[in-house]
Amino acid sequence: VKILLINGNTSDAITASMARVARAVASAGTEVIAVTAEFGARVVSSRSENAIASHAVVTAAAQHHEGCDAVLVAISMDTGRDALRELMPIPAVGMTEAAALVACTLGSRFGVVTLGKRTVPMYEELIAGYGLERRLAGIEAVDIATTGYDETQRIQSGITELAARLIERGAEVIVLAGAAIAGQHRELQADIAVPLLDGITCGVHLAELLVRVGAKKATVGSFSHPGPKALVNVDPSLTKLFGKA
Amino acid sequence: VKILLINGNTSDAITASMARVARAVASAGTEVIAVTAEFGARVVSSRSENAIASHAVVTAAAQHHEGCDAVLVAISMDTGRDALRELMPIPAVGMTEAAALVACTLGSRFGVVTLGKRTVPMYEELIAGYGLERRLAGIEAVDIATTGYDETQRIQSGITELAARLIERGAEVIVLAGAAIAGQHRELQADIAVPLLDGITCGVHLAELLVRVGAKKATVGSFSHPGPKALVNVDPSLTKLFGKA
Amino acid sequence: VKILLINGNTSDAITASMARVARAVASAGTEVIAVTAEFGARVVSSRSENAIASHAVVTAAAQHHEGCDAVLVAISMDTGRDALRELMPIPAVGMTEAAALVACTLGSRFGVVTLGKRTVPMYEELIAGYGLERRLAGIEAVDIATTGYDETQRIQSGITELAARLIERGAEVIVLAGAAIAGQHRELQADIAVPLLDGITCGVHLAELLVRVGAKKATVGSFSHPGPKALVNVDPSLTKLFGKA
Amino acid sequence: VKILLINGNTSDAITASMARVARAVASAGTEVIAVTAEFGARVVSSRSENAIASHAVVTAAAQHHEGCDAVLVAISMDTGRDALRELMPIPAVGMTEAAALVACTLGSRFGVVTLGKRTVPMYEELIAGYGLERRLAGIEAVDIATTGYDETQRIQSGITELAARLIERGAEVIVLAGAAIAGQHRELQADIAVPLLDGITCGVHLAELLVRVGAKKATVGSFSHPGPKALVNVDPSLTKLFGKA
Amino acid sequence: VKILLINGNTSDAITASMARVARAVASAGTEVIAVTAEFGARVVSSRSENAIASHAVVTAAAQHHEGCDAVLVAISMDTGRDALRELMPIPAVGMTEAAALVACTLGSRFGVVTLGKRTVPMYEELIAGYGLERRLAGIEAVDIATTGYDETQRIQSGITELAARLIERGAEVIVLAGAAIAGQHRELQADIAVPLLDGITCGVHLAELLVRVGAKKATVGSFSHPGPKALVNVDPSLTKLFGKA
Amino acid sequence: VKILLINGNTSDAITASMARVARAVASAGTEVIAVTAEFGARVVSSRSENAIASHAVVTAAAQHHEGCDAVLVAISMDTGRDALRELMPIPAVGMTEAAALVACTLGSRFGVVTLGKRTVPMYEELIAGYGLERRLAGIEAVDIATTGYDETQRIQSGITELAARLIERGAEVIVLAGAAIAGQHRELQADIAVPLLDGITCGVHLAELLVRVGAKKATVGSFSHPGPKALVNVDPSLTKLFGKA
């Protein structure tokens, strides 16, 4: 199984860190190809940066998917995931979506802990968009200065504290959302009384699952290929992909 | 009042047609500046084309908003609307959003009629994303070949028939969705027993309303300006707009 | 444009105060005719007073609508609004409805601040009846003695504090609900970090918008005219209006 | 047990017919006092007539409740029920509410069959207002001319046919809604494969149940008595009732 | 009227205590037959114990229903209630369901107070399964050690305090859930400002109501009798009941 | 990985058939242990049979889970799944749950096709209980005589036809529900335009995923072990499992 991991943030360091987590958990025989979006915000944390990233993610997928079996959208807003599902011949999963679906198998309601208070409504809409708001106990964010994500110690104790608050409000599983903190569940789980799920870990395994299940690509409906369309001023790989009706 | 109308489809003909409708209904003293997205699909009708258009719409807004009082997102998926609301110093409304909100003042539930069956789930998600699914009686689409929107006669009788079907299912207002058919409510209303609303007409008036209400820009929350952020390989006007914390 | 503002509270002082706000914000060329309900509670703040006011509002509309272009229901429970929409040949908007719809264009979720804790469930039902509960962050009420609304200072600082609490819980817009405090958003906005919306201001502009949009009156459905009906012991103007099928 | 049955329609014939049904099913020792609203529509079937009836129902309750143990709101929109619950010292139930709650004990989802297509959205809002929309399989109405309810034969076969259609769509119980057809479940049940519930029958028994349960009147919240309030131009019995804090 | 009260907990003391409450409130002429489940947990308070109890409740019903008019499921999770509704020729009500439905006639939203924090999600699912989550203000549980329910004093003051907290959050009625504390509403009501409802009290009266309403048993749908089925290794009374198509 | 497949129907033939499917799709290195419930209905298709099966499933799990890594509940109502999640030290997934969660990664809304019309409300409640009703396009059932499941040809053409009907109504994925037809997606997929998912196939891969993700068992909340409890007259293996706090 060959998984294309696309970081929608234009930060190679975050790509490398997520790739390390992905490779560490992947099943024997799974290869992870990691690429970074070529334009947009270094660290996407707003709606407008996300609007740019959605174009960057589909462009990266068009450029790099040949020979891959599945795409893992490795940006915590799962940016562009629906577009890829429609356009690509292979399955696509989002990292936060993957953790949310796995959470549904482990408890009644799950909580989400992330970084940056202004993203909370964005995650609420993401989870609601998945039709999972009834499974959601709440979302909490460690406050961060927009310029830095590096205060590891303070962030980790913030996550633990917010997880406890969500458990108090009924969360029976915690989803850790954020590309920058992917993989930190390994260190944090010991301090949290319920399962702590990581998007990259769940995403790699869900991508593998989809390859194994081998479901057919829909030939009708909003997830079938859009068919040949006229596009202007986009990357040639995109034009080519749109041409493959 | 100066309204920036942004067509997220890269088709100048559709821009011109929507601008004509907008200018015809605008209040005395309202000026409409119409621009066309510079990259992406000629006529956006899929999730992947929409993912590209969201970048094109924010770029066009960044380039052209100086001196304007409000933005009217003139693409029927309201692409990029949330991003503009956050990033721009002026209000933004989507054409389908505008018609949906006006519909809420005219009946209990509204129906949506559009072109192209594969977009139905996309509109369902759009309306659900606005939290208005309980006001929605249903969505119907006139089937079209992906290559042409020009069979005016067949499309118009299709719209009338689908509107009647939605009325039978409880729709008390009909929203006409689709940039390509903006303004056609004037000809079609006579054959439909309930109010027929057009996104551009409602959008121009809602944009004027927002300018008149003059609400403050939020300084906290997910619709406050994201603050200075590092972006790469984007249009300089976007970089400049992100810099204006 | 001629707007009939109907105060469903039987208090001329409140009518006068709302009319002042309405006239101050109305567009050039808009005239506001303000009338007061002729029977019922001085200040409506319970379900039973509201049940009486619904009759009073439709009676006042029947008596005074001739020559007007739209009705603004100027009582914060939007009492009788649906009845007017059905019975009258002209559009009708409620003041709280207007602010709630405008709020939907400015943020993901809005909060409501009002006076009197016992009305909170009534506002919850009002917003839910509009199908907007998924846009609602919460409702808070400044506690008041039932006999007096005059402690302006205490009320205003209460509003500011409750708005801050709602923002903390995710409100990105605040709707100020209450006929008695209409227009106070002008003084209070400076102390509140997100847009603060006033029902009369939004209602006047939404009434103007509906006149400009000029939607057809439905000829079928629950908002078409009920047709000639036998009524007993009601105001002659109501009998006349029911006779106009 | 003494039950005050209030017909919100100003038709003595309908009152008499509902009273007959009520007395036939009441437990031994239950007395039914039946009164008719003194103003408003002969047969309420629109939002505006309902707005008038809400005042008429609370007035009738204020005039006639002395010595009674519970109120049965005998108009199929349950008009004024919430107001009575708040204002009166005794419990109040609506006839459609009663049938809907009993339906919840007999099947997963229930259907509603009524008369007059234009009332369907009104019943949808009524059921949604009770928070029971997830238990609702659908609402169907026999079409009637607004001037007559007397074609018994055609109406009864219409009800049977629509009930079958709702059963096909998942209804496991049918609620028969409409003051004019109260009690007809006795003749119709044989032709319907699931339980058919009548608002007056369920309402009398639910009123008896509430008297027997003997729950305390709330002293806080939106269903506590509103306290002494200033009202003008209303029936003296209402003024008196508002005075009884 | 003869009511079969089935305690799904295998504790005779709790059966006796609930039977006392049931007999104290039953109408003249109502007889209560009380039986205890023959296998499973002494006091059911988890999902796995509930899974066992569902079998025990249907077995007890099969063994003891002859000659009875209705079943009252006297275990606070209403275990097996849906199964009985389908399989038995007589109506069945759950004690918590009964209190929840009565609560719906007394206020907008109700709160639930119970024992044992780990059961809170189970009650949330129970209420949601009844389609009543929009009527729910919240659920709170007095914390208990798993080994003892006997600290009456501490539990009662806990209930009063949690009820007050729920009232603060909008509860206008309180449902007291838990077989072990059935009937304690009589002592606790004085300290709680809104109606306090008890499952056994409401359940006995709702069972009586269903007998009086006398609804037909469905002959189609998921609550009709399942028809003759092959079962192995179950109680002969169950086999017999399944045979009675 | 060692997966314990528990058939909640007491039919060895169905167990064998599901085990064959499971083994055919399992990853290299995955072993499937298949067991059959020891009491209850041969083929569970009603609420009362399901109530018995929940006890049978937890008993079978208690008897056979030693040495296994995950449980696959192989009965299409996912009977007992929540109980196992709480009581067992290893993860548990239901076959219909597994297909529903995988469906969420492949389309906006999914449809369910099953056998036997009376089970449709039961599946609706199952999906709603998973909080996934917003992802559900509809449920359709091939009608069957209760005595036979053997008309393979008629059932398969029925499934294909109902799938097409659900696609028409917006389903973008079809879940095939029913233990008796597990694995038939392989033959049927060719005739269905969207992905067709099978519970056993998805369940085996989801069980494998959960083992690989290796999430911690919750130590608090409703899915932590219930702790030592007193039970009577149950299988010794159950008593032992409850003792393992």
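Per-chain residue numbering starts at 1, and chain names A, B, C, D, E and F are given in the order in which the chains are listed.
Throughout what follows, a contact is a pair of C-beta atoms (placed from the backbone, for glycine too) under 8 Å apart; a residue touches a chain by one contact, two chains touch by 3 or more.
Keep in mind that what you see is a predicted model, and the values were worked out from it rather than measured.
Student: Keeping to the contact definition above, tell me which chains border both chain A and chain E.
Tutor: For chain A paired with chain E, the chains in contact with each are C, F, in label order.
Student: Among all other chains, pick the one whose mean CA position is farthest from the mean CA position of chain B.
Tutor: For chain B, the chain whose C-alpha mean is farthest off is E.
Student: How far, in degrees, do you have to turn chain C to put its CA atoms on top of chain E, rounded to the nearest 5?
Tutor: When the C-alpha atoms are superposed, chain C turns by 120 degrees onto chain E.
Student: Does the chain E and chain F pair touch with the same residues on each side or with different residues, judged by whether over half of the numbers are shared?
Tutor: same
Student: Which chain pair is joined by more contacting C-beta pairs, B-C or A-C?
Tutor: Output for the comparison: B-C.
Student: Could you give the separation in Å between the centres of chain C and chain F, each centre being the mean of its C-alpha atoms?
Tutor: Whole-Å distance between the two chain centres: 52.
Student: How many angstrom between the C-alpha centroids of chain F and chain D?
Tutor: Measuring from centre to centre gives 43 Å for this pair.
Student: Quick one: which residues in chain E touch 2 or more of the other chains?
Tutor: Correct list: 85, 108, 120-121, 125, 128, 134, 172, 220-223.
Student: Among the chains present, which pairs are found to touch?
Tutor: Result of the pairwise touch check is A-B, A-C, A-E, A-F, B-C, B-D, B-F, C-D, C-E, D-E, D-F, E-F.
Student: Could you pull out which chain E residues touch chain F in their complex?
Tutor: Going by the criterion above, the answer is residues 10, 38-43, 45-52, 54-58, 80, 82-87, 118-122, 125, 128-129, 146, 220-224, 226-234, 238, 242.
Student: In their shared complex, at which residues does chain D touch chain F?
Tutor: Chain D reaches chain F through residues 108-109, 134, 170, 172.
Student: Touching chain F in the complex: which residues of chain B?
Tutor: Interface residues on the chain B side: 120-121, 124-125, 128.
Student: Quick one: in the complex, what on chain F touches chain A?
Tutor: Residue positions touching the partner: 25, 27, 85, 91, 93, 97, 101-102, 104-108, 130-135, 167, 172-173, 189, 193-197, 201-202, 205-206, 208-210, 212-213, 215-223.
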